[in-house]
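Once you scroll down, you'll see the structures, which are given as structure tokens.
Each of the next two complexes has subunit A plus one more chain, namely subunit B in the first and subunit C in the second.
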Partner chain A sequence: MKNFLLLLKQNPRAILGLSILLLWILLALLGPSLLPYSFSQMDMDNQISRPGLNGHLLGTDALGRDILTRIVYGSRSILTIALMTSLFSSLAGILIGFTAGYFGGFWDTLFLRIMDIVMAIPPLVLSMVVLGILGDSTIASLTIIVSIAYTPATARVARGALLSCKGSEYVDAARIRGESDFYIMFVEILPNTLGPIIVEITARFAYSIMMIASLGFLGVGLQPPTPDWGMMVIENKSIIREAPWAVLYPSLAIASLVIAISLFSDFISKVMIHEK
Partner chain B sequence: MEFFKRFSKRLGFMFVTLAVMSFIIFLLVEIMPGDVAQTVLGQSATPESLKALREAMGLNDPIMVRYFRWAGGILKGDLGESFYMRGVQISSIFWRRVGHSIVLALTALLFYVPLSLFFGVVAGVKAGKFTDSVISFFGLATMALPEFVSGVILITIFSVSLKILPITSVIPIGENLWQNLKILVLPALSITFVMFGYVSRMQRSSMINVMNSDYVRAAILKGMPRGYVIFRHALKNALLPSITIIGMNMGWLFGGLIVVETLFGFPGLGSLTMSAIKTRDIPLIEACVLFITLVFVVSTFITDMLYAYLNPRIRFKGGEA
Partner chain C sequence: MKNNTLLEINNLTVTYKTLTDSVVALRDLSISLQTQEALGIIGESGCGKSTLSYAIMGYLSSNGRCDGEILFEGENLLTKNQKQLMEYRGNRIAMVYQNPYSSLNPSLTIGQQLDEVTIFHRKLSRKQAREKTLEALTDLYLGDAEGLVKRYPHQISGGMQQRVCIAMALLCRPNLMILDEPTTALDVTTEAVILDIIGELKRKYSMSLIYISHDLGIVNKISDRIAVMYRGEVVEMGFKRALFSRPSHPYTRALINCIPRAGVVKEEVRLNTIPGYVKRRGLQETGCPFVDRCEKRVPGCTDKYGMMERDSNHYSACDRAYATDVPDKEIKALKISKEIPQPEERILDIKELYKHYRQGGTKIRALDGVTVSLETNQVLGIVGESGCGKSTLGHTVSGLLTPTRGHIIYKDKEISVSWRKRSPEILREIQLIFQNPGRSLNPSFTLETLLGRPMKKLLGISSKKERIKLSRQILAKVDLSEEYLNRKTTQLSGGEMQRAAIARAFSIAPNLIVCDEPTSALDVSVQASVLNLLSELQQTSGASYIFISHDLYVINYISDYIMVMYLGRICEYGKKSEVVGPPYHPYTEALLSAVPDVDPSLDKNTIRLEGSPPNPTQRIKGCPFAGRCHKKIGKICDTTPPPRIEFSESHFVYCHLKPEDLGAV
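The block that comes next holds the complex of A and B.
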């Protein structure tokens, strides 16, 4: 941990990324209680109001709703869903990938083939179709569907990590001691594969943010009036000439969050490879 | 011989994937809630007419029967009839949209392949220097942006401020795409933004690897001009991983097109898929998703074969690389 902080200190890009991420988390937690408006409150006198005027720091949209307020509320759902998706898909990936890699043989081949087939459909297309078909997405359905769409990729990473440790002497030792397969997989091998798995979780976090934002943009994400960053972009695109801020600020919010997480996850993967 | 074995094995697997995927897509759409006949006829339909339509559309048949009827039709080139636009054959609109998307994808390819390869090589050769960190940071930043975010930034610059390119990519009625080439620029640039990061990063790291290899160092130490070594010796091998990334992303490109086409209202396959989902047009959704999968699977196959062919280690020995 001390080593980690020391390395972090030498990496200004990672510090920048981490600070932006923490700022967003702080805003998501505290923001709503500090803001004077609610996310669906319409200021009828100030529709399409410029940023900084009439008490709207980032302006308003065509319905007179405060952009800043909607961005802050939107950060809550996107952070929650993306965090849960990256955790769930990694968890499912570890379970599936470890089982396949550990037992090998027929099950492993079957697993690889199934994953190859499922990966033949891009995750975005898969989630979009399923969510579109189910209709009226909620936080729960978004989380579940996106996690499933990401599981083949995480399972492959987990399987690869397990295979690199499977032949080690400590695994043989545990087997000779008569430990159960479950114990060997999750108590002996798992701690030794945490490096690549943590790298995968942080990278997945960034992907999830992009995915959730894109799904919202395509109209199959959270439904109105709940504010969603991607949805804000497409909703306001028709007034981009009159109110570019209504489109630009939510876009910049997405950009800053994804870039921040990418910078940090880049650092994580450097640290994990460096330690090896 | 080894190459041929690999070829036939992958080709077989490609067909299996397509067959399984077609069934999965069929099942996915089957779970759609609500009664299809009701959707088609609307809320005011009488129970009798609903029953008659269900019978006429063959909705009462067992699922396997329906799957094979659908898949058989697809194999004969019959994509079926749209639910939403009654009486319209899907093939009559589908291929024109696909054509537009292919033109857009190729335009994007024309933009990002030379750009990202060039900057990737420059960053790799100048690794660790200022030029490298500027290119690398730019790559990381653009890669992290969803297509619609870079699209919005581009629209704000080129359409709202400079007013030189159109905000939407709509083809006026009675005209075709070739009379409106301007509408391709911003969508293609949005895709370029995202792909630039992936390809240039890959090119950079493979360039660094090759520049540190013994044969390149030997060539430089022999006193050959640096530029000659980079272009004649190093680049040949350093391009291999980038070719893979570009090929692998061809299928992804089609997925990403959905987002870009929705943002710009570009009349391609992506926006067609999106409107099919919105209008719950089952045969159209199936046709679109199946086609995207087909592009993905075929481009993966071609990339794999190209890689195997270009890599002598696989071509001659048949080893896994």
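The block that comes next holds the complex of A and C.
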């Protein structure tokens, strides 16, 4: 932990990434109680108001809704879904990837083929089709679908990490001690593979944000009037000439969050893998 | 005299900056090397031997800093830029590394890689370069050079790879060749051949050599002068005869005494050890670097310090190796606790054991009919080159591998099954100690968990308090203090890790322990203490060992019986005194002859085995060793299985020669 802070100090980009991420988390937690508007409240006198005018810091959209408020509310859902997605897909990935890699042979081949099939469909297309069929998306359905779409990738990472440890002599030592396969996989091997897995979780976090924003943009994200960053971009596209801010600010929000997480994830991978 | 100096290093200090502090890797180091001289550099790992070679080559990593001067033919290499250094590197100073596999490019043929050197440095045409390449390969006695240049590194054996690396270093006819542990990863037989070739090439091309090794025997064989390094300083330097016969520095003396050599056996002496381990050196420390581990220290050792000429051309920082004011540490013979005459009953019976496995479509015969037995409280040493099946035998006994055919009978119970089918009782009684403790102890756990888990699992001790209490007792037995319970293996030195691994094996009172090369990853000083510990524990606990090693002297030290294996078959078996002396199997004789000795006055007769054991894919009709045997009679060796010749009740060899021909050459 001491080394972690020391390394962080030497790495200004990681500090930048971490601060932006923390700022978004703070906004998501405290923002709504500080803002005077609700996300669906329409200011009928100030439709398409410029940023900074009439008490709207980032302006309003065609319906007179406050952009800042909608972005802050939108950060709540997107952060929640992305965090859950990265955790769930990693958990499922570890379970599947470890089982396949550990037992090898037939199960491994079967796993690899199934994963190849799922991976052949772009995750975005897969999620879009499934969500389109299911109808109105909720936080739960979005989380589940995106997690499933990302599981093959995380499972491959977990399988690779397991394979690099599986040949270790401590695994042999555990075997001739009569340990169960479950114990060997999750007690002996798992702690030694945490490096690449944590890196995968942070990277997956950034991917999830992009995916959810994209799904919102394509209209299969959270349904109105719930604010959603991707949806905000598409619904304000028609007024982009009159009110560019209504598209610009949600886009910036997505970009800043993804970049922040990526910078931080680069740092994590440096600490967890390369410095060892 | 001055004109003959090829390399002169004056007051070289190398510091590495790390995240938290600075570490001194080399400190105020001065050595010189004459033309056509071979300088051997010895010391434990972490003493800065490799850093020295990297500093000379200008290959230090970016956080390293060099002060002082490195004069090569009068030119200071440290003031040269990268481009100027190119004139020297690979061209006039060449280097050979420890691991040949990682120094050769796996995606280029050997010919391409070697040609490149002269095309780059000498601006030769492709055709001329190829001629040079073939010439260099022939110099290394690599038969069929024409065929070899078309092959890829992975298609040849490790010994051949290292010879290719040396050929590569030789291409530009360097004035200085630096060899950094070039034979450490190889078998003794291959090592002996390579050392011979290096010595010959040095004479042929009038090269100077710097030979870095932790093995005193090798350095003794190849060098004229020897420098002993400790914690980044040269503590003693002189001609090998003077240095080995009467070392001046206590460290040199201690190192020499650590090595198990011919005739040193556990019944007579414990091996000398150097307590403690090589610590990193801070910037501010003064005084003798060895003071904390030195048995001859006096209060003044912590401040005054400096190299002095003790004898003609024999320099040393200290002359207290034989000081009489502090008595020599008494090296006691091991007390053999045989007051109660133990009934020697058979604990293990291996009958006609075969292990065949498939590797990429070909069948490998790792074990080809091995029959051997072991009694309680005995140590069976198994020796042979890599690929002879010794580890396979150990792993089948411990249950990691299942034999293809044959029986392993442990105390009247058939156990030729894998670990999955063994009862907890058997799993507890047969333990395995691995070669590399860093890989066999899970780096994520503390010693408390590492020692406690087998107790919980195999002894059924559910109380954590009880387990900790037992762990403390067992740690005390392996000379580790209680505080180690909370440490992870990454915080331990190599020797401490192996002690922890031994503690784990002994924590559940086993009866049979398979030791698979437990000391080959360790420094000689640590090896000595681990061997002492193992033989002590064996004699006090009454357990039996199967001790696997490629080092005949280590085997000779610790075993009661020795089995020499080749290609999955037994060549010779007997009590250790019977095996290491004549009459012996030609293979045993070759192995014995290959081990380099530390005593400069000994001149061993030399039997050189060419090549390495073939891959055991074919069914061998005759004697497995026939292809490389120096005493091969003729066709009969290839076609008929050798008969068993019994010299005594316990001693037998498999050979076609007449018993009277099995003496020394």
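Note that in this section the second predicted complex is superposed on the first by the 276 of 276 C-alpha atoms of A that agree within 3 Å, B and C clash if a C-alpha of one lies under 4 Å from a C-alpha of the other, contacts with A are read in each partner's own complex, and residues count from 1 in each chain.
What we mean here is this: a residue touches a chain if its C-beta (ideal position, glycine included) is under 8 Å from a C-beta of that chain, and two chains touch if they have at least 3 such contacts.
None of these values were measured; they are calculated from a predicted model.
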Task: Overlay on subunit A: subunit C relative to subunit B, clash or fit - done: fit
Task: Following superposition on chain A: angle at subunit A, subunit B versus subunit C, Cα, nearest 10° - done: 90
- [ ] Classify the contacts of A:Gly178 with the two partner chains as first (subunit B alone), second (subunit C alone), both, or neither.
- [x] second
TODO: Considering only the touch criterion stated at the top, classify A:Glu200 as touching first (subunit B), second (subunit C), both, or neither.
DONE: neither
Open item on the list: Taking the superposition on A as described, I'd like to know which of subunit B and subunit C A:Leu7 touches: first, second, both or neither.
Closed with: second
Task: Partner chain in contact with A:Pro191 - subunit B first, subunit C second, else both or neither - done: second
Open item on the list: So in the superposed three-chain picture, is A:Tyr170 touching just subunit B, just subunit C, both, or none of them (first/second/both/neither)?
Closed with: second
Open item on the list: Tell me which partner touches more residues of subunit A in the superposed arrangement, subunit B or subunit C.
Closed with: B
Task: Which of subunit B and subunit C A:Glu235 touches, first, second, both or neither - done: neither
Task: Partner chain(s) touched by A:Asp66 [first = subunit B, second = subunit C, both, neither] - done: neither
TODO: After the superposition, pull out the minimum Cα separation from subunit B to subunit C in whole angstrom, please.
DONE: 5
- [ ] Over in the complex, which subunit A residues touch subunit C? Could you list them?
- [x] 3, 6-7, 168-170, 172-179, 188, 191-192
Open item on the list: Quick check on the complex: what are the subunit B residues that touch subunit A?
Closed with: 13, 16-18, 20-21, 24-25, 28-29, 31-33, 137, 140-141, 143-149, 152-153, 155-156, 159-160, 167, 251-252, 254-256, 258-259, 262-263, 273-274, 277-278, 280, 285, 289, 292-293, 296-297, 300
Task: Partner subunit B, residues of subunit A touching it in the complex - done: 13, 113, 116-117, 120-122, 124-125, 128-130, 132-135, 206, 210, 213-214, 217-220, 230, 233-234, 237, 240-241, 244, 247-248, 251-252, 254-255, 258-259, 261-263, 266
Task: Touching residues on subunit C, where the partner in the complex is subunit A - done: 19-20, 398-400, 419, 422, 424, 427, 430-432, 434-436, 439-445, 453-454, 457-458, 504
